[in-house]
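Next come the structures, one after another.
In what comes next, chain A is part of two complexes: it sits with chain B in the first one and with chain C in the second one.
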Partner chain A sequence: MKKKKMLLFVLLLVTMLVFVSACSDVEDPVDEENGEETEGTDDPVEEEEEGEDESGMIEAGDEIVVALEAEPTSLDPFNSTDGVSTSVQKTMFEGLLRFDENLDIVPYLSESYEYNDDATELRFTLREGINFHDGTEFNAEVVKANFDFVLDEDNGLARRSFFNFIEEVEVADEFEIIIHASEPNASMASYLAHPTAGMKSLDELEKKMEDPDYNLDRNAIGTGPFRYVEWLDGQHVVVEKNEDYWDQDHMAQVESIRFTSVQEASTRVNQLKTGEVHFVDTLPTGEADSLMDEEYVNVFSGPSMNVFYIGMNLQEEKYQDENVRRAMNHGVDKDQLIAQVVDGFGRVADSPIAPPVYGYSPQAVYEYDIDGALDLMAEAGMEDGFEATLWTRNSTEFTAIAEFVAMQLREIGIEVDVQAYESGTLFDMLDNNDGTDLWIGRWSPGTGEADWGLRPNFASDRVPPNYNNSGFYINEEVDQLLNDALENPNEEERLELYHQAQEIIYQDAPWVFLHVVDAVAAQRTEVGGIYIMQDGSVDMNGVHFINQ
Partner chain B sequence: MATYIVRRLLQMIPILLIVSILAFLFVHLTPGDPIRIMYGIEIDQDTYQQLREREGFNDPLPVQYVRYMGNVVRGDFGVSYRTRANVSSEIGRRFINTFVLASVSMIWATLAGLVVGIISAVKRNSLLDRVVMTLSVASISIPSFWLGLLLMQVFAVRLGWLPTSGIGGIRHLIMPAFVLGATVAAIVARFTRSSLLETLGEDYIRTARAKGQIRRNVIFKHALRNALIPVVTMTGLQFGFLIGGAIAIETVFSWPGLGSYLIDGIINRDYPVVQALIMLFSLQFLGVNLLVDLTYAYLNPQIRYS
Partner chain C sequence: MKNKSEKQAKSVSPLPGERTTPGDDHRENGGGEKEKPYSPFKDFVKKFSKQKMALIAFFAIAIIIVVAILAPIIVPFDPTVDVLSQYSQEDQDQLGDNRINIGYQWVLSDGSVVEATRVPMVDSGNRRVVNARGSADSITATAVNEGETFVAVSHENVTNYLRIVVTQSQFYRPILTAVEVTPGKDYFAPGEEITLEIKGHLSDGEVLEDRSEIARVIEEMEELQGSQDTTGGRIVGQQVETVEEGVLGIIFGNMDEEILTIEEDGRIIAAQEGVGTVQVSLGGLSTVVQIPVGPTALGQAEPIVTAFQFQETEAQLVDLYKHQPPSTLHFFGTDHQNRDIFSRVLVGTRQTLTIGFVSVILGALLGTTLGLIAGYYGGRIDSLLTRASDVLLAFPGVLLAIAVIAILGPGIINIIFAVAVFTVPIFLRIVRSSAMSVKNMTYVEAAKSIGVKDYVIIFRHILPGTLSVIIVYLTMRIGTAIIIGAVLSYLGLGGDITAPEWGAMLNAAKDNSRNVFHPTLFPGLAIVMTVLAFNLLGDGLRDALDPKLKD
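Now for the complex of A and B:
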């Protein structure tokens, strides 16, 4: 009997200990904003003022809270490819150049830049007097070290190939640097304006080189207006104001930003309604609707770079006649698709790339025309139609598109069988050409310019197992145009080459071009200064509270 | 008793070994490529191959398994492919979150379930009994994510009494613990009721009553103690499930526990995370089972282990 009591007692004790320690463990970090969460619900504006009145010190109201759909994967701009990571990194890292809100390239850590005549060299004059968050100086040596680091194969960084165009980085002077390209490349500046080209401190790079276990994904020393504080997995990443920021005119206007990850979209929406969160992005369009009537919430949307399409395997005999492919394009009512599936938040895809992408040129859309489509099918000898399998990701949005398209294609005699797969599985099947027929795809060029919008999808060397030309579209003319454009330093001529490439691709119709979905975001009315960049990432550097 | 426990613990080793092989095969044979999912189409074939090589995916599976287990034996569960966080320490942190949530849910659910079950059994077929049992059926049938969103709408958005989600003080715990415990409470109540009713019909209860024992003593000392054995089994099992992380609840309330970790791990083909979690869950189940068996011995002195 004693033993049993003893056992039970010990069990109880252990449970209580764990419980108590856990409670005290988790309570601390959020203590300060408990007040905001409880009281702020009915009238968040009043709350804000209270916070400021009490003292001029750091108050809960000085922290911006952002709910992201996922956790970042890395704090190292050289080692991540997702928009969420970029949004977080952008507060801490800066590159030589950047894209402004209109996607124009402007100097950032540089004063000016200049191409040589054949676009094989890009010369930068760097800004002087900039220090990293660890106090070390920014200069030409640091820039060279950064690019050398990312290009070193042994470092195995995800973005290495992004910088493949660089042959050598030459330090011309303490604040002068020349980027030598391996081939003429007039896109260099836009590559270097991408957030991936963010500069980190030389000390950090040296630490990593001395100790391979040093984790750059979890340490962030840049030059940005915010500095890294902490990353609690599954909870948040916090950055705080950099008091020594080099650009006095663009100092951070809030004390800190907390990026939380909230996977469930309806939870993000609820948090925004209660004022626990100031900003949410990548809202499902259905949720956006429910926010429209909220008094303290602004919903905004704009074209994203995401083009939705139906890919088809051109190795299949049924798709080899371009009349069939055009018939399919005419057979889908894109306007209705946008109205029904994305609640009107989108526009018809009039090019293989989206309007915000550099080099975009609109084409004459395939109008919805069943009769015309049936004629085209007959012309191709396909008046009896055929059967097809349509692969889709199993997310709500993708399946809804797939079901809609399947229904419409039936009208022109194509019996479509929709099969939904978990996205990882689907990529695997496409990369290995595992019986590819039709599939719903979505593409957004990470660099924001036409080369990355077209090359991976339509260049003949991108067929499986390379990606992303899973439909085996092969057209030498397109290959040639893409290569010419990349090497041509003359902007007008390049745009013309991209225009031609888009025209040919749109005519050839290797995809059914569906729609460009809008990026939808929402923020509390008491904050301002947040921009959604057209690559889908968020620019928070100018975020501030608005006195109402 | 001590030798019994040691023997049971030793028996776990071969089981865990088998689990580790199954877990390894499960994650590696599922279609989907972690590198492709992590970096998307933004990396070219060269970089892709290089990253595969670095992670050791190009080696034969048995080689990968042996290398993995070699590290595991040394307590190293690897680094998450997705967030490069150390898997062991991350699991440790999330385990505490899940354990807190599961324990609080379990404590209120068991207490409430027992009380309700006992009252229902004693006042069988009364109006109270019927109402409570109807409620419990509802509670078992309502999908927990829906109940969670509903409560969030009422108590966080409309009334503003509680935070919508996340982890923090006691207030963050209330809604998820309530939703998570609701089903368990209902199950416990129904189990207690039926088990107690059955026991109350036994001969020895009639004997006890005939001896002149007061009703309360008969119910609590004689009947309940015997009626609890199946309830304990079931409660233990439920606890086993709960400390595996409640996927729906943790996702809805952004609770950084093991359930949401597992889901993220599976979606991203984060092999080290998924493997470690499967092994942990197996271990937890074995542990809970052992505890349940030991509790039997306490409840029924006729059960002896040696």
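Now for the complex of A and C:
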């Protein structure tokens, strides 16, 4: 009787399903029509916008609108660690060096640079005739003041530890500067090419030193092709063309750029479709397909340096046996993860660092093997499995991975409880070791080389609260290899040392190595000149309209 | 519900403050039926059974409750685990594979086939369709989406293709998987122009020797190129200077410039004695060919890798990794983690009903007690309780619940508590007003006059008078509580985000709602139908119990 009722209930649902799917079938062509209609009317809409805005300060059509996934945390390159802030800062700040599209280091505010023989000094010849947005001159004194400022512990800047390889900055001449490292360091140039090393005006630094309440996060005075206009909380950051830019060949080609923060990914996609924004980064991979069919949208993807992993707290007894850690690596089907969670936009992580990173060396992947994993668990005396708590950020991208991993680990006997937190909260919890167990992490070495890919995550002296080694992985051999590599100016030997370090780490399995995602972004076809750097930040200094 | 109505029926006949035993109740009830007096319960049943919608809703709720209780037994799949690992062999055979491992070996220039000693570089032509990578003994291709593409397998200067079809394809022709190039003669003399024989191997095993046919296949294959960058743009192996030949678009790369020279028009000239090597690339494929110059060079050449030999050059896969559409195997399809939505919806019933019932009953108990006290005593207690409930009522329900969760932290018990908290003032207010009117009844006055204790009066004489209101509101509020519970778990406040809970399922599915409808439709329908059933039942009860309540 009851079964019959249940059947009836199911039947009712199925009928509704048929009804609804029938409806959706009918609606499909209508949708397409609508799509075409909006596409067809795109141009008039933009013209209208132009008309409206002519009364305003900026002529429409000269403004690029970019939808970012979050609001920047700061406009001070020394005081932010996230890719979103970096993307905005890059339009206004420039460093002595920079990475080009191929991740090669090229001079920026400097003419040239050279190491001394034992890689303890880096000598720069600075470019002359460059002025900051406030009119002050760029010279060696400014560079020194900048580095002294970021290194001063009292200023409490987020990127201080990034620069702690610098012992002293010496002004050799008005346009000559020497960076002294505390230890031999052949990666100095990579660090200084990172967007974090952007130079800001001496006046601003002095204002900050005179008045500690002066907010450098909101006062961005650099040398870049765009200058800061305004930052409205929760709305946008606007930068405008710097008419006095030093490099005439690379003048900004648009009047202004407006960075809006749109957290909901589907909203970003819709805005792009309607032409409300011109560029969207970090596109949900599931949306990429439907966007590819849009006539006025270009979707592009490329390799990134973002490695996803599950970190584990090695202080916990359950993870101390390397067999358990390897079992967990064998227990997660990375191919399925890539097909299912990132829609194919990724590769299996075969090293703790991603392929584009300098010094990367691929290892033999932990193949998906449940039986092998169960054997390893048994070998470690963990036949009955154990319980674990997996922390994740609460964005869709991360929770989907966490859900997937939790399901997979359950099959080798690990009962995983997934807890989602807002990213800031999660970092605090990891940095304070607030009962860390398992967590989903993502790491991208902004410097593009192996040292920043490995040291923060695996060096013994980077355990909380010092940096990112939240799993307390302690291996003196790795420490030694990393230090040797950093001090070794011979390229081949360095690569060999990094190869060894990656081999040991991959064998030791302090992480469950998951995947390297591709960066997926989309732009309107009427704009060009935007690059996604492999560290995930966006370079839009060369952005321009194609049809105008 | 039935019991409560009976109670109400009893209480209508005023009983003086004597404490009666359940036995007394029963006897009296039995006696009443014999004499066939007016029975409010029968009256209620009669009125209620006239309301068809409410009756249907009542049975629907009964079914939902049965489903909730039996869910773990009747679900076809484990709702917390990917269905792929749960398929029987039969299902698996019927569905097909979603992954294939293709073994590979090296073909050397002397024609021998040997085990590969290095892992090749593997890249998919379109990673939206297939994801591929190489390991020590095989190439693994994993289906991602419907479509067709090729997988490029490269070792140094050799690139071969594999054809992979996922589910079904618009492009149904065999593709070129390898080029084979052999010198036209055993050896060439210095100064002689070298002739090469080119063969194209197709994925179905056919070998093309006619250059124009090879060209046609290559042209057709352009259709397969995805919008992604592939190995096509990457330089693999030794970098060589290349010359493009006009006719076929063959690109020659000279790897031994001392022995061979390649003219700008693509002619290859032997320069001096020895063994020269040329890379030949065609439509993304490439191979190398050794060219002996001079009779002494015969047999001198160290064999090099010229191609791969694969177990298979074509594979048919199915994309089963997520969002399987509704089918006979999965009535409601599968979600983004490939879990069976039908099973999840059924199992989710239990949690949903638990939240609905427990929270409302908790809230009703507390709210009714406080309401009775406020209504009966009046005065300061009344104004204090009323003001407090006004404060709580001033918050929108969801906001209040979120505030409670913010204090207590996420989790199902806290959700129940949060929903209970905002149910309290509603019951307090409604019970208070009806208690105030019952309080002035003569039987209450009578009870008071003979010195019956306050709590006895409240629970024996006033509470039964308010029961009909309480029952109606209870049913209605369960619907609201289910919605609030779903909203909270939709917002990610339900604790375990992987739990089969309707709100959490909607949240997880919302990002893909543009492309696939079933992950959002079915949990949504479940919520709508459950809440609708409770509301219809509430309406019916109201009409049957007290038509005056219908304002």
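To be clear about the criterion, the second predicted complex is superposed on the first by the 396 of 548 C-alpha atoms of A that agree within 3 Å, B and C clash if a C-alpha of one lies under 4 Å from a C-alpha of the other, contacts with A are read in each partner's own complex, and residues count from 1 in each chain.
The rule is short, and it goes like this: a contact is a pair of C-beta atoms (placed from the backbone, for glycine too) under 8 Å apart; a residue touches a chain by one contact, two chains touch by 3 or more.
All values reported here derive from a predicted model rather than from experimental measurement.
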By the touch definition at the top of the document, which applies to A:S266: first (chain B), second (chain C), both, or neither? both
- First (chain B), second (chain C), both or neither: which does A:D233 touch? first
Pick one for A:G156: touches chain B only (first), chain C only (second), both, or neither.
first
Now for A:D335: first (chain B), second (chain C), both, or neither, which partner does it touch? second
Q.
Just to be sure I read the superposition right, which of the two partners does A:G446 touch: chain B = first, chain C = second, or both, or neither?
A. first
### Query
Of the two partner chains, chain B (first) and chain C (second), which one does A:E403 touch, if any: first, second, both, or neither?
second
**Asked** So, does A:S423 touch the first partner chain B, the second partner chain C, both, or neither?
**Response** first
Check: chain A residues flagged as touching chain B and also chain C 8, 21, 266
Residue positions on chain A within touch of chain B in the complex are 3-4, 7-8, 11, 15, 18-19, 21-23, 25-27, 29-31, 34, 37-38, 41-42, 71-74, 81-82, 153, 156, 158-162, 164, 215, 217-218, 232-235, 260-264, 266-267, 270-271, 273-274, 276, 422-425, 427-429, 431, 443, 446, 456, 465-468
Given the complex, residues on chain B that touch chain A span 1, 30-33, 36-47, 50-51, 54, 82-85, 90, 93-94, 96-97, 99-100, 103-104, 149, 152-153, 156-157, 159-161, 163-172, 251-254, 256-257, 260-261, 264, 267-269, 291, 294, 297-298
Listed in rising order, chain C residues that touch chain A in their complex are 59-60, 62-64, 66-67, 70, 74, 80-82, 84-85, 98-99, 124, 127-131, 133, 135-136, 140, 142-145, 227-229, 319, 321-322, 326, 331-332, 336-339, 492, 495-498, 508, 510-515, 517, 521-522, 525, 529
Listed in rising order, the residues of chain A that touch chain C in the complex are 2, 5-6, 8-10, 13-14, 16-17, 20-21, 24, 265-266, 269, 284, 286-290, 292, 299-302, 335-336, 338-341, 343-348, 364-365, 367, 394, 396, 399-400, 402-404, 406-408, 410-411, 417-420, 518
